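As written, the chains take the letters A, B, C and D, and residue 1 is the first residue of each chain.
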């Protein structure tokens, strides 16, 4: 059994590594979520997103999320990989992957993991476009 | 914009092709589901699954599913790829991928697509194990 | 007239074939075809209430009227995924 | 005593730095630290009610007592994903 994969890197996310970490012969389902940088938001063009992290705490929180998901559902393996630094349109900012015996658990856990990651893990994005830069902080644009 | 990818093959499913078909610069979310062959079911070992398809009708139904999903949600692109023939434990039998602006639509559509594919598209699996073979037909084992 | 009948999944065990030509009267429906098949392979009978039927790779009702050379598929409950 | 303060996201614009040493009285809490920072950078004040605070890379309450050399991080509402 491969271990869970929990990473925070400035280098590109490897979707293959995430899938390889979660695929198991005793699991019939894999759900994978990718967050990708959009080229616009609210009709305004976006040139890039700059992601900032507080790495030691972000990693601790991601490990906690994995443990909480395991307590809520019967899962195979998990992969949580967030990237930070400067990302252009189409690049992958986050990958969540989870395997389970049957698909219900994988869908529920995958959805919960990305929802909870987005609302709790110390990571921030700054939108950079032709009209300037803005930090996103929760629901606020600062 | 790349077209939707809808395939039914005896050759292995390419997850990369599915992801490439759905990733778009105007979409912020990708949800991908993989069905993989389990090495046991109900505690009984499984050596392989033999998938049978009625290809012309299966492809028509898969195309209908894609169109219905587009009518229900605002989506980027979709990939539906089912394999048939003989598959060993760990191999991918089906891949569903969908992109959308935000994650809610991609999760809902991905879940609906695999649920509906499993209950409507003319494909059947036969479990082959040390104790013999059994066709799965809906909820029945024949 | 002759139609071509396709059998899937466990129906192939019942009939011993995945595909065969079968003679039916002119104007026969899918239901008529199934009834005659059931006379020859009695194991088919219990499937009637769960089967779907397709003609020319499209789902049809049991009252669908067949034509010579039609490809008729008998489809048990599915189990893809 | 001196602690090291980390600022994230738009706090860096307010303070003009992502990280700096700051002197507080012995026995000061995270809340005391924030109050003194707000005196120097008044733009920080409105953040108080939405910020979380961490010490030594662990979330703590505002009543957490600081020690010399602590790394204290001020964390606006997050926006990863």
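Criterion: contacts are C-beta pairs under 8 Å (C-beta built on N, C-alpha and C of every residue); 3 or more make two chains touch, one makes a residue touch a chain.
The model shown is predicted, which means the values in this text are computed figures rather than measured ones.
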Touch graph components, with subunit B removed from consideration: A, D | C
Where subunit A and subunit B are represented by their mean Cα positions, the distance between them in whole Å: 23
Averaged-CA centre spacing for the pair subunit D and subunit C, given as whole angstrom: 74
Distance from the mean Cα position of subunit D to that of subunit A, given in whole angstrom: 26
Centre distance in Å when subunit A and subunit C are each reduced to the mean of their C-alpha atoms: 49
Per-residue multi-chain contacts in subunit B, two or more chains: 35, 114
Per-residue overlap in subunit D, given as positions that touch at least 2 other chains: none
Chain-chain contacts as defined at top: A-B, A-D, B-C
Complex contact set, residues of subunit C against subunit B: 6, 8-10, 13, 50, 54, 57-59, 73, 75-81
In the complex, subunit A residues that touch subunit D: 35, 51-54, 56-58, 60, 82, 93-94, 114, 117-126, 135-140, 142
In the complex with subunit B, residue positions of subunit A that touch it: 15, 19, 23-40, 89-90, 99, 101, 103, 106-107, 110-111, 114
